[in-house]
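I've put the structures underneath this note.
Look for chain A in each of the two complexes below; its partner is chain B in the first and chain C in the second.
Up next, the complex of A and B:
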């Protein structure tokens, strides 16, 4: 078991004028036995961070500690970790058994022990019947399991996953995701999981590190990331459908409105003249304006999903999304009022994007 | 679509297929005829072939020319020389070339592209331009008419080609496999011979065969750089053509003997190249 500590870790590619910072000054601690996801869009530095933890890439600055020992100058195999690759990276010239056993052989584990561990890992992942096959004879899902078995058989202190589910079809992905969660509960090893899929991050993780452009935006529990996004980026990136974000101007103390519309939001504690406001679509209700009440916007389209419907509104020059239960009663062209009574209002500084 | 149009399309397709087959046959004939004629010459007495319409009945068949050549030391020595030169050149080229190509394919360093380009430039220089300087050079260092001199020369010519080809094969290997091997505890060297080389084996085999064929069947350099001691098979074969007379049977037989290993190796190479070893390595 292990705790991973990143202290001011940075990665720069190139030298001099051509130097490009891929990762800036990362500092956080991944507690022993926890499952942490690195979440962000492509090119945000999440895979680079994982590779630096693994030792597949050198760090340009800072320190990485595993269980209090500095590891950033150690070779990958000396860090006691296993890595599951996005493309599985199975050795095509070896059988499934040899693939799982390879890492153990390289570490000079006794033959009998290798056999026990390989069969145990294969049994856990239900791939015992394909142990003698070559990877090319397996389906995508089976290959994924072999890659997982290879990691498990090593019994490492840390598991690193680099988007391991992204090559599976939707159904298999959901199934494997649940299995991964159970596997983590069973093994209890510290796990770091890179993904751009927020659903995966939310369902699997104890904590999520949201990254953007090489910087850490927020490191918190799924609850914190969803309900208390630290930056506007986190607010816009996490949550499906995306949070409604718009610039609002102060109308009166604690009272903000979207310019050119009658849509207003009460934010008692804030005094800034202008700020970015975020509202989750599922927390905003719609209703027909009562007599004499001015409408906030007009329904543009309705997208029914079965249990809910996404209603897209034109509110002034902005688009606003509201998720209503069932098929809803609204038609395109209807004038509606947005009811934000039960919504959490997220406020962000217009310049820094930080939560107010 | 009407029936007649369907038939005309069918006929058209068939005609195209027949035309293609005829074309292939013609091309095959063009390439194979000299070789078949050479084989015929090696297994029939020349008297049978040179007088009007040749009588190719089984009664005339003879392996005498082969027996004669295989019992003749002046033929066996050049054959041994060719084998030594071919195998040694191939071994050196593959050992040095693979390691070099792996480094070029996997490490990013200054001048990498220039290095690769300069290797190809060597290939652009006609051998004839270098023949005389090479002759003078080898003579001055005492390697003229020596097998080692010949091996060294062939290595210099073939190595850049080997590296060039192998770089392509190594670059095609998914880098994640090597990263997985690093996590599994392989050193750079172990990654090379446990992962990269077995996976690039089809490419390596094809390259090795190319290197062997080039050095085994080269005539020009061997002719310039040897006189008696290190004469190779192609030079010996050419020697059957005298100034006033030519021993066609021996020349054809020697030609077949020179060509057979090349033919066998090419067939093996074909099998190797077709086998897609990396299939199933990664997603898909």
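Up next, the complex of A and C:
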């Protein structure tokens, strides 16, 4: 079907001294039939990247290939892709049927074929009963479905999604998310999905491209992004609750400590005098210090969530979060020891932020 | 639902009190409008059924519909109707089309767009009479700026009597009127265009709509409301055009009635010939005409609206 290849793609706004780089030097390949998320905070260039793939924005440098053919100088409609917008972008003056059919009509698809494809798409998304309505008569969830139906009726090689769930309420969002996943499994078309919600990215994607300030931070599977974050940014952005990140100084070979505290971490085979250490809250256990053992920190607050509780500690000048099972037994003011035995220790270079 | 049926008495009372207070607040405005609009309109209607010519004395015999039947066979009125039709078709359809075109251009990103938008409004800031005088000074046959300019460029040898030829005078009138009306129409259309979200344009691009399809199938239907409004108000203004004619032709509607539209003819009949009855019949006819044209636009756009909603068309 379609493999999307980005080669040194860059986007610059403005000219001369006012020029601003929105996207720097992106190079990666989205394999045929995979679902890839572009994940990052607002302003990281993810939507710009999607628009460049779609042809809604020109690229300033580099090449975009779909199935080996260069497409970056083609008009959007010549790239064989469909786009689902955040605000759905339904044509307000057309019925749902016409909204879905419009792209087909523009492509001179025969009438009978249009009818089949529209009703088929509507059946898949369960919006057959609203085909004659105008978009404004629909609920947010139904509009979202119409936007999806418009995309699938076209039967494109590539689906592009620009935060399609962010205008839905929480319950509907979860439901639509799993439907999207099933839809992708059914259709098998290459999909690129922009989101700032890491949960969406993790649940939906085969691969995630994490972006920050116009740069690609990591391109990997959800497992890699979560368990082997390539940069400190990825470590801090992916994972809920956020990973604990702090600067630690070398005490002995392979032994680093948080200054001003008794909290130490063992890191084999690292030589730097100082580095950034990352520990996932759910991998750090807490216990009461045994006699003669120095405490690592003091409990500040406990946030019970039912199945787990987040315990926030003061460790020296830093805050540290630990996720413990159930409601936990800790009270504010308790002195505790942080047990990192089962934790995967992530080390990052203090200057470059790269994984060591 | 049941609550309204068994609403407590004091709620009903409070609502009535609110209503009365609201009516009281609106009353002075309603009274003034009735006095300044309703009374003259009613009086004109009343006069139109009488032979009421101030030159023929103070006797005003009731003549029924004879003023109206006279209109049907009056060649002067026919001429004025034809000129009004010519003037209105060009200023309404041409003016609105031009306004949409200019608004489309101004809606694009380009350097100096803000300045262009401000400059667009300048003619609107000029009072109508000043606008008329300005064009009179430009097109004047003996001392006009245009003749001077064309002569210095060697394009003409002798002065052209722009405003002395009935056909050129009418076209200059149309030009001056367009100059005045475009800013408002452009602004209206620009505001309407800006109501169309960026993503709708993008969606249309992805769907494969070219510039032509985008304009006819996406942009135009989405500015239908403001477009209808523009066509209605401009139709009213064009059918009732007066001030520009008055200033440009020195209050004559000339040359040789070349710029006498129905409204101007009604004015001349009423206030130059002092034939109040006949002039009032014209004024009432114009009012009916304006209502008919307005109804036409509303019906037309209403139909368009319905036919677009069908599936499988």
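By our rule, the second predicted complex is superposed on the first by the 356 of 356 C-alpha atoms of A that agree within 3 Å, B and C clash if a C-alpha of one lies under 4 Å from a C-alpha of the other, contacts with A are read in each partner's own complex, and residues count from 1 in each chain.
Convention: contacts are C-beta pairs under 8 Å (C-beta built on N, C-alpha and C of every residue); 3 or more make two chains touch, one makes a residue touch a chain.
If you're wondering where the values come from, they're calculated on a predicted model, not measured in any experiment.
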Handout entry: Clash or fit, chain B versus chain C on superposed chain A
Key = clash
Exercise for the section: Pick one for A:299: touches chain B only (first), chain C only (second), both, or neither. Expected result: neither
Handout entry: First (chain B), second (chain C), both or neither touched by A:64
Key = neither
Practice task
In the overlay, answer first, second, both or neither for which of chain B and chain C A:115 touches.
Solution key: second
Exercise for the section: May I ask you to decide whether A:95 touches chain B, chain C, both, or neither, giving the answer as first, second, both or neither? Expected result: second
Practice task
Mind working out whether A:167 is in touch with chain B, chain C, both or neither, as first, second, both or neither?
Solution key: first
Practice task
For A:103, select first, second, both or neither according to whether it touches chain B, chain C, the two together, or no partner.
Solution key: both
Practice task
State whether A:194 touches chain B only (first), chain C only (second), both chains, or neither.
Solution key: neither
Practice task
Go through the superposed model and pick first if A:135 touches only chain B, second if only chain C, both, or neither.
Solution key: first
Problem - Common ground on chain A, meaning residues reached by chain C in one complex and by chain B in the other - result: 54-56, 75-77, 81-83, 85-87, 89-93, 102-103, 106-107, 134
Fill in the blank from the handout: Seen from chain A, its contact residues with chain B in the complex are 54-56, 75-77, 81-83, 85-93, 102-103, 106-107, 134-138, 140, 143, 167
Practice task
Using the touch rule from the top, collect the residues of chain C that touch chain A in their complex.
Solution key: 197, 199-200, 202-209, 213, 217-218, 221-222, 224, 308-312
Problem - Of chain B, residues touching chain A in the complex - result: 174, 176-177, 179-186, 190, 195, 198-199, 201, 277-284
Completion exercise
Residue set of chain A touching chain C in the complex reads 54-56, 75-77, 81-83, 85-87, 89-95, 97-98, 102-103, 106-107, 115, 131-132, 134, 150, 154
